[in-house]
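Note that chain A is present in both complexes that follow, paired respectively with chain B and with chain C.
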Partner chain A sequence: MNRLRALLAPFLGLLFVVLLFSVLAPESFPTLYNFRTVSTQTVVVGLGAIGMSFVIMSGGIDLSVGSVIALSSVAAAAALNAGWSAAAAILAAILTGAICGLVNGLLIARLRIMPFIATLGMMGIARGTAKRITGGQKIDAPASWLPDLVSKSSADAWLGLPPGLWILLALAALMAGVLRRTPFGLHVVAIGSNEATARLCGVNVPGTLTRVYALNGAFAGLAGAMLFGRLSVGEPTAAVGLELDIIAACVIGGASLSGGEGGMLGAMIGAFLMAFLANGMNLAQVENYWQEILIGAIIVAAVALDRWRHRRG
Partner chain B sequence: MSGAPRLRMRGVSKAFGGVQALRGVGLEAAAGEVHALVGENGAGKSTLMKMLSGALRPDEGEMQLDGAAYAPSGPAEARARGVAMIYQELTLAPHLTVAENVYLGREPRRGLLLDRAAMREGVRRAMELLARVDVRPDARVADLGPGQRQLVEVARALAGRAQLLVMDEPTSSLARDDVGRLFAAVRRLKAEGVTVVYISHFLEEVREIADRYTVLRDGETVARGEVSACSDADLIRAMVGRELEEAYPRVPHRAGDPILELQELAGRGGLRGDLPRSVSLSLRRGEIFGIAGLVGAGRTELLRAVRGLDPIRSGSVRLCCVPPPLLGLLSEDRKQEGLALSLSVADNITLSRLGPLTRWGWLDRRAQTAATVQRAQELGIKITSAQQTTGALSGGNQQKVALARLLHEEAEVLLLDEPTRGVDVGSKAEIYRLIGTLAAAGKAVLMVSSYLPELLGVCDRIAVMHRGVLGAARNASEWSEESLLKAATRGEAA
Partner chain C sequence: MRSPRKAGALAMFALLLASCGGKADANGDALLIAVIPKGTTHEFWKSIHSGAVQGSRDAGVAIYWKGPSKDDDRDAQIRVVEDAISRGVDGIVIAPSDNRALVRPLEEAVKEGIPVVVIDSPIDWEGKVSYIGTDNYQGGVVGARALAALLDGKGKVLMMRYFEGSGSTMQREIGFLETVAKEFPGLDVISANQYGGSTTESCYATAENLLNAYPQIDGIFVACEPTTFGMLRALQDSGRAGTIKVVGFDATDKLLEGLRTGQLHGLVLQNPFKMGQMGVQAMADHLAGHPQPKLVDTGTVVATKDNLESPEIRDLIHLDFDRWLK
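Entry: the complex of A and B
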């Protein structure tokens, strides 16, 4: 009940944004085509936010996901170039991300490096590796069905929406279950809430944290595959700063950077809120800089609202 | 196994570097026995406890449970052997529910998923045993009061079918009636045949709940026996190794002119933002004024409002003189609020007034050290250097550092919140003497405490706080523990 109440404000915010632009741009905004456009933009951030929710719930942060997404998109392109199937290319991207995440996790859990620092390092390493592989250029890849997953055309859609969106929603539902209904999920929240207690209760804290970051890396990898699908090229300089959008989605959805609080539904609402806002302002021909100012203000307002709600108890 | 005690520790020793923390300690407790482990801070109680939990291994000696060797490798094994710990600081995850906390680390599963029904049922059974069905399994721990949280810890031990329960100062954060409920729970456990090792500073508690006792001093067992066959003086002598001339040394002091006047003060503190509700009092120089009351009655909130940390709703705080005297607050929560434990003693003492210790805006380290050494001597703080890390000091010395800060601030009105919490018997007496000395020097002391003997022993006047309202002040000699308790639980009218 408490958790649902915390989602009320972000949800009303999302509703407000959708209604507002439906009025401001009635021709172009409330259409199925536009909804598919927004969906393809949200898939990458949304997938990232699934993994990031686990990281933030555990009381950590991962600054490397933007770079890892770019590296994974390059990996997917390289795999297709090597003649692999689209499914194998997706797996290659996921594996690439998971390895980056695993390294983050080992640095954080075993060497006890602060998450901020460890992932800041990985941010540079992954970005540099992506550029090294491609020689700094974007790389083309032979045609496959991978871009269809995030296609805006109705021919590729499942039930009117891009397949990638359905994949995102299904994975979000699955991982929400993992977070709330499995011992692993409970251990993640417990570590974020009070790490000393978790240790005392015999929770394998290093093991759990390692898995959290590897999981986050895997989701960044899948997001990278989707990014490749959207761009149809492996782009080593893409997704710069995307980690901040992903973190913002989690925070708007009620996650607390001090750990223990947040959830999958909130993160999804946060991701869609930002995507609809950006899209609606484009269609309503609002200058780009207003978008940045407004999204910044929304992040601060979301957290301020949350603090205020906490104080009121 | 017949005849073997539930717990037997023999010749247990442990050294950290060059420091011998435990030296050949022995302890024996039978099934269904409540065994008190007493000793001053640093006597080795927590080291002993860490061995039982598996956090540390003894260098020498052996431990047995029901006659079988016991050498746990960590918390998981200790728990598997039926040994549960309840630590002084509550060890709950605030964002999780009661049931999640109780089963954290050994969750019942159904396939890959948590078996929430079994968790709820287990908690309900444990709470029934504790006669606390008001604690719901699905409540978030953050929403519970301190007494209920303590019971969640007990429920955690119960749900793990603990045969040996080690409780470290379990009442230090509890109000009087919660203590009563906790003791009732301990008695039920005892009736079930559970052995409880009860670590406490409070001798009345030991007397009330324990069957037998063991006293540790400087890492050695110095006394043991039946609680009913020894006096408090015996126990104190064993703990401190000397006669404590006086538990409450009195320094003569005389009340002077009023320095602080509160009129119908109401603040915005506390969980609901309405504490205190109505407080009127007049505090004079050279006076020690005590405030009794239950935890949550608004005593801490009163001190915070007077100090200006929480906003005031209505009423007034009036200070005498121009310029007005400074107010200094000693926090009840030394670790979180009172001290920056990772900073040096010098930094902690001088933090409140760095101005006089600077030259051209630069901190003069030599002046800072000199000021620190002077305060340390005044207050009898045992430090090796001014740059020593505050967290490395004992509880009593840390508390003196916090008091030294008030003196460095040159505060004339001292607001002391639980000034002897987590402080051992010997240091308590020193702190009482210090409070008396400060009053004799003309400072005014407003002191909040949950420990009634201390209020009666130290204060000149005492008033009782009940649900945010402060009752009439009377001379300490006109109060007794019973009358204070009555006023605290029922209010002045009763």
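Entry: the complex of A and C
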């Protein structure tokens, strides 16, 4: 019940944004075509936010996600170039991300390096590796069905919406179950709430944390495959700063950077709220700087509201 | 629709409402053309914007100028294109930040019945109405010849690249390197693989590092405004400005000042105003049913200290933005 109450404010925020722009841009905003547009624009950030939710729940942070997404998109393009199938290319991207995440997890759980520092290092390593592999250029890849996953005019659309969105929603639902219903998920929450207590209760803290970062890496890898789909090229300089959008989505959705709080539904609401806001302001011809100012204000407001709710008990 | 732009913080909602009110005739007589640059912070884009405004006045159409939220961010620019399609504009004039990544969204625009004119940077796509821009390779050739003339065809030269994946500057860089290899055997390229990055700060830092690494340089080629400015600042800072012949690209007040004081020796100038103007004009003509040429070169010239006051160069550099962008 408490968790649902925490979701009320972000949900009302999302509703407000959708209604506001439906009024301000009635011809272009509330159309199926535009919702399709926003849904494809949200897939990459949304997938990243699923993995990031686990990291933030555990009391950690992962700054390397943007770079890992870029590296994974390059891996997908390279796999396609090597004649692999599109499915194999997606797996290659996921695996690339998972390896980066696993390294993060080992550094954090075994060497006890602060998450901020370990992932800051990976941010540079993954970005540099992506540029190294591609020689600094974007790499082209042969046509496949991968871009179709995140295309508005997708041949595989279901209920008028692209497969990428359904994949996002299905995975978010699945991972919400993992977080709330499995021992692994409960351990993540326990570590984020109080690591010392969790350890005393017999939770395998290093093992759980390693898996959390590997899982986050795998989601960043999948997000990278989707980014490749959107760009149709492997792009080593893409997604700079995207980790901050992903973290913002989680925070707007009620996640606390001190750990133990947050959830999948909140993160999805946060991701869609930011996407609708950016899209609506474009359609209503608002200057870009307003977007940045407003999203910044919303992040601060979301956290302030959360604090206030906590004090009231 | 344009007037409330300069208003303060409280005017935001007024602005939203105003833009809403003016848009009602989008399906009526007034044609609305989206003009989408790669970024909005460099002066180059202001020139394109001015030209687009002039083009819209000439052709009697309305334009809607919208850049990506981050300069040179491909995904952000894709979003702007997608939102323009959602808005239902009548045509798109775009400077694509990538020669492949923008193909899919632009194809979607065409599928929705929105034609596309490409300006400034080329794109690997046949679906466009027309490409209007600088022949960038030729810009590099012109730059190489200017630098060779300054150095009497011999010496150690260095080239600092822009950022990885920038198509237009890559063409200039290739044009420069190939021309040096082919026409000027006396020029020795000592470094041509370092990237400055997409911001002026990162170009400045890279330029400093390059200057430290090579104490003996005779000539430098840089292929766009941020790299030229970063290089100029680094030269000034290290006290080597004026001792090395520098040929750069594009004109801003700071770069022209460098040219006048002998710290820069040549600036290859494009004609961004013409790109914006002809881009909007070509789209309006296309929408009116007139066939357009597939390729229009807007040309390059080299400005030097000596020809700065010639009418041809003056028109390219002393653009009074206020005449268009109030």
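The criterion applied here is as follows: the second predicted complex is superposed on the first by the 310 of 313 C-alpha atoms of A that agree within 3 Å, B and C clash if a C-alpha of one lies under 4 Å from a C-alpha of the other, contacts with A are read in each partner's own complex, and residues count from 1 in each chain.
Criterion: a contact is a pair of C-beta atoms (placed from the backbone, for glycine too) under 8 Å apart; a residue touches a chain by one contact, two chains touch by 3 or more.
Quick caveat: nothing in here was measured; it's all calculated off a predicted structure.
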**Item:** chain C versus chain B on the shared chain A, clash or fit after superposition
**Value:** fit
**Request:** With the two complexes superposed on chain A, say which partner A:L111 touches: chain B (first), chain C (second), both, or neither.
**Result:** neither
**Asked** Quick one: chain B or chain C, who's touching more of chain A?
**Response** C
**Prompt:** If you stack the two complexes on chain A, which partner ends up touching A:L159: first (chain B), second (chain C), both, or neither?
**Reply:** neither
**Request:** Would you sort A:G136 into first (chain B), second (chain C), both or neither based on which partner it touches?
**Result:** second
**Asked** What is the value, to the nearest 10 degrees, of the angle subtended at the Cα centroid of chain A by the Cα centroids of chain B and chain C?
**Response** 130
**Message:** With both complexes superposed on chain A, which partner does A:P183 reach: first (chain B), second (chain C), both or neither?
**Reply:** first
**Prompt:** Which partner does A:G192 reach: the first (chain B), the second (chain C), both, or neither?
**Reply:** first
**Request:** Determine the nearest approach in Å between the Cα atoms of chain B and those of chain C after overlaying the two structures.
**Result:** 34
**Asked** Which chain A residues come up in both lists, the one for chain B and the one for chain C?
**Response** none
**Prompt:** Which residues of chain B touch chain A in the complex?
**Reply:** 74-76, 79, 85, 87, 91-96, 100-101, 104-107, 109, 112-114, 116, 140, 271-272
**Request:** Show which residues of chain A lie in contact with chain B when the two form their complex.
**Result:** 2, 181-183, 186-187, 189-190, 192-194, 196-203, 260-261, 313
**Fill in**
Residue positions on chain A within touch of chain C in the complex are 24-29, 31, 33-34, 37, 40-41, 44, 131, 134, 136-138, 140, 147, 151-153, 227, 230-233, 235-241, 278-279, 282-288, 290-292
**Item:** chain A partner contacts - residues on chain C that touch it in the complex
**Value:** 1, 5, 12, 15-17, 19-20, 23, 26, 40, 64, 66-70, 73-75, 78-80, 82-83, 85-88, 98, 100-101, 103-104, 108, 111-112, 163-165, 195, 198
